[in-house]
Structures are given as structure tokens and as C-alpha cells.
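Report on the following structure.
Think of it as A, B, C and D in the order they're written, each chain with its own count starting at 1.
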Amino acid sequence: MSSFGTEFSIPIRIYIEDTDAGGIVFYANYLKFFERARTEFVRSIGFELRQSMTKQCNFVVHEAAIKYLASAKLDDELEVYTRVQRLRKTAIVFDQRALLKGANKLLVKAQITVACVDMETGRPRALPEDLQNVLN
Amino acid sequence: MSSFGTEFSIPIRIYIEDTDAGGIVFYANYLKFFERARTEFVRSIGFELRQSMTKQCNFVVHEAAIKYLASAKLDDELEVYTRVQRLRKTAIVFDQRALLKGANKLLVKAQITVACVDMETGRPRALPEDLQNVLN
Amino acid sequence: MSSFGTEFSIPIRIYIEDTDAGGIVFYANYLKFFERARTEFVRSIGFELRQSMTKQCNFVVHEAAIKYLASAKLDDELEVYTRVQRLRKTAIVFDQRALLKGANKLLVKAQITVACVDMETGRPRALPEDLQNVLN
Amino acid sequence: MSSFGTEFSIPIRIYIEDTDAGGIVFYANYLKFFERARTEFVRSIGFELRQSMTKQCNFVVHEAAIKYLASAKLDDELEVYTRVQRLRKTAIVFDQRALLKGANKLLVKAQITVACVDMETGRPRALPEDLQNVLN
């Protein structure tokens, strides 16, 4: 069974650590929220990051394109959606969106490209075969 | 009914954002975990931080004493315990502990003093009366 | 005199707080480095962020496109370059690059669009006139 | 020549990344500022953290006691002071203070105990001999 194209989501609560003096979530932190969502997506299909590292595959972000449409605030609860948009030999392209729960309002959307690199050399290498099989 | 002395806990998953080049959770981040736990504790008894701010009460940490006993790693799941140790007119002293779930191993313990300060002047002020009533 | 198109740069040292368990700088942190660089650029032409906020203009990032080419590590020193690429009525488009000092190796490049929004309503508003004059 | 007891300091500028919705520096971030100051202190006497790690010594914080007296805000410049208070076989106790520059106002003070642990086992081990010699 494939997880390709499936929409996966997790809830994320906004804490004071996530905000800035403008009274809203500090924009760089959405990259953390998207990372948590990808991690849980990958865990949901049977993979853990630490385990990947022991196999010398370090997942690194190669590219990120983010659009900020509206701001989240302290105490808000978001729902972060994740979908595999494209699968390449050495990389996965994710489509991600953060919505304000309840209002169902789109706050931030992003396209994030994650590549597998060798932990020693830092060079791109093929995604672990079992991960490819599940995502394909 | 009082929440004084009650033990409250939340689970916290370790993501790559929480770790450092030593391969473990960056120690400053436990203060974030403890903050999340206090926030959820306060929410569980009916209070939200943003709402407090509109009443000109900004909760600020006045003192923190932390002991690091063991390290958490990527993908670990912690359980963070929170208990009101002492209640003062303008401050709450929390007793908090982070344990590795499953192993039930104590990783970090802390005593955190949170005071209510006026958002304009930055001066300590009495805790909101309704919060005092619930905690007493 | 205009600052349009001028290349501005600041050095940034990598500390343990910036790294992750992969042994490299956590990718979201480059957004912080770019923000520091833009802040110092704006300060260098006579503007401070806190002062802008008192005039009800909150600078927020509307769009970010980032390419990660190579990784920085603990103790590295970077040089972060900033240039105004385009000036719009309500936004500034910045062209930014992080290089490894010494080696002069390009690590990360980004195009960041910063808009001025009203602190009350969150709606876009014209950039402060004096800032426009300096950047034009 | 010994560096024991010598007062060392670095300037630290407050950026939007450091602040929270309360309009002040997020308290956990002072641990980052103190870490930067210790790192620069250690570098000033000839040591780099990454180099230490290759020798299997990972410096970890074992204990932190922090008092928050006043708040820093966006755009503020701090001066962070660092002094070795006590030297033990496996740990260094640092005395650190963050002051608001210009006003010379004490904001935060802390006592931070940093231990050297083996990167494989996580167990405390003697500080590198050359570091001991310089600090003694």
C-alpha cells in the first residue's frame, strides 16, 4: 500500500516560545511546525529519524518556498497538513499547509524539498529503499 | 476545589529542532518544555495566557533552578510533570520534572518561579483573583 | 543618497544553539541569520524596529524562498550578505546569501519579502515614508 | 598564565527572534546568551568546542540557577559577563551576568555548571588537561 498523495495532519498548539514582540508567531517557527508534521508523517508509516541516522542517511532540507497569508497568535491551535507531492531518487518534495483550527483559515503554505545525504560526506544518496517502497 | 499540590503531566516528543550537535536535547529547551507544561496546567484549570495579557497581567519567570541528570535524544518521548509547590501573592513556585517515558527515568528537574507583572510598568502585581482562588 | 542595490554584510558565528543532531546548523535558523542581517542593514541606514512598531508598522515576512547548498557547522563563521532587490509600496524584496568565511563558499541563498502591516488590523500599509526615501 | 577569576565579556544585540508576545526577551534565551559568552571565553583562551568533541569530550550543562531581575527588549544591546567561579575535576562553575549596556543595569544573573562527558557513554570525565592548565 502506498502513502503517496495521502493527506496527513497533526494539531499544533502555539506557546509563548513560538511568538515574538509583534504579538504573533515568529515566522521562522512554521518551519519547525512543518518539520514536526513531516516527522510524524514518516513515523506514521513506520520510520524514525534517529534510526535513519544510524544507517548514515541524514534527512536535510534542500529547498523551501513559503507563503505567509495570516498570523497565528498565542494559545491558538493549528492543524498542519502534509502531503508527498513528488518523489525523486534522492529527495522528497512535500506540500504543507498550516491552518487555524476551528476557523479553518489558511495561515501558511510551503513546498519543502527534503534530501537524504550521507552523514560522513554530506553528499546526496538514494532514499532508503524501504522508505521509497512505502511512498511510491 | 483546589488544584494546589495536584500533579499534572503532558507528553512531549523530541524533534530535530530540540537537539544540538552533541546529539542530545539542547539544555535550554527544557525551559520550553516546562513552560508548555505550565501553560497546559493553567489551561486545564480554566485559564489562557493571551486572556491574562488583556488583563494587563504578563506572567514572567523570576527564578529558575534546574538540574540536568540525563539526556533525551531525537525521537524520545518525555512526560513532563508539574506541581504548584508554593503560592505567593504575586508569584507561583512550580516544581517540575521531565522523565523519559517507558523507562520512567528522571532526566531534568526544576523549580520555576513565575510572577505576574503589569504589562505597562513591568512591576509585580497580585495574581488575578480567580487564578488565586483555583490554586489556593 | 540611496541604499538601493548596495550590498551590506555582517559576520555570524555558529554556536551550539544553532546546531542539530545531524551535526550541522538547523536549517530554520538561517531565517534568523537573514533577519539579523536585515535588521542591521536597516539600522545602518538609520532605522530601528522597535521605533517602527511605535508607529504601528510591524514588519512581517510575507514570502521566503530558500535554497540550501551546503551546511555550516559548530564554530564556523559566516558572512551574511543583504541587498534590496525590489521596492514596492508596502513591501521590500531582499536578496540574501550566507557564505562560509575564509572559504568564501556559498551555503544558503534566499529571497525574502518583508511587508509593513498595521499592528492593530494586521493589514498591509505603505512603508514609512522616510524609509522609502532612503531605499529609493 | 591563568584565566581563573578573570572577567570576560561580549556584547549581545537583541533581535526579534529573541523576543516573545510579552514584548520582552523570552527568558529561556538568556541561557543561549550565556552559552555564547562561555564559548567566546573558552575560544579567547585557545579552545574550540568542535575540536573538543573530536576528543570525545562533550561539554554539557549539569546545573543552572538563574535570577531574572529586569527585562531586555527588541533592539537593546546587552553586555554579558563571564567568570570562572570554581574549577572541579570534571566540571567548571561559571558566574554570569547580563547587563543592559549604557544604563549598566543588571538584568539577569546565573550560576552555570558545565561538565565534560564522554560522547559515547554520556559519563562525566576529567576536563581536557590543557584546558585545566589554562583555567587553574
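Heads up, the rule we're going with is that contacts are C-beta pairs under 8 Å (C-beta built on N, C-alpha and C of every residue); 3 or more make two chains touch, one makes a residue touch a chain.
All values derive from a computational prediction rather than experimental measurement.
Colleague: Quick check: more C-beta contact pairs at C-D or at B-C?
Modeller: C-D
Colleague: Between chain C and chain D, what distance separates the C-alpha centroids? Give it in angstrom.
Modeller: Spacing between the chain centres: roughly 27 Å.
Colleague: Find the geometric centre of each of chain B and chain D from their Cα atoms only, then give the gap between the two centres in Å, rounded to an integer.
Modeller: 23
Colleague: On a C-alpha centroid basis, what's the spacing between chain B and chain C, in Å?
Modeller: One centre to the other, that is 33 Å.
Colleague: Can you pull out the residues of chain A that are in contact with at least two other chains?
Modeller: 16-17, 21-24, 28, 32, 35, 50, 53, 73-74
Colleague: How would one label the connectivity among the chains shown: line, ring, star, complete, or other?
Modeller: Shape of the chain contacts: complete, all pairs touching.
Colleague: Using the touch definition up top, name the residues of chain B that touch chain C in the complex.
Modeller: Counting only chain B, the residues touching chain C are 16-17, 19-24, 26, 28, 73-74.
Colleague: What residues of chain B sit close enough to touch chain A in their complex?
Modeller: Of all residues in chain B, those touching chain A are 13, 15-17, 32, 35-36, 39, 43, 48-51, 53, 73-75.
Colleague: Quick check on the complex: what are the chain A residues that touch chain C?
Modeller: Chain A reaches chain C through residues 21-24, 27-29, 31-32, 35, 50, 53, 58, 60-68, 70-71, 119, 122.
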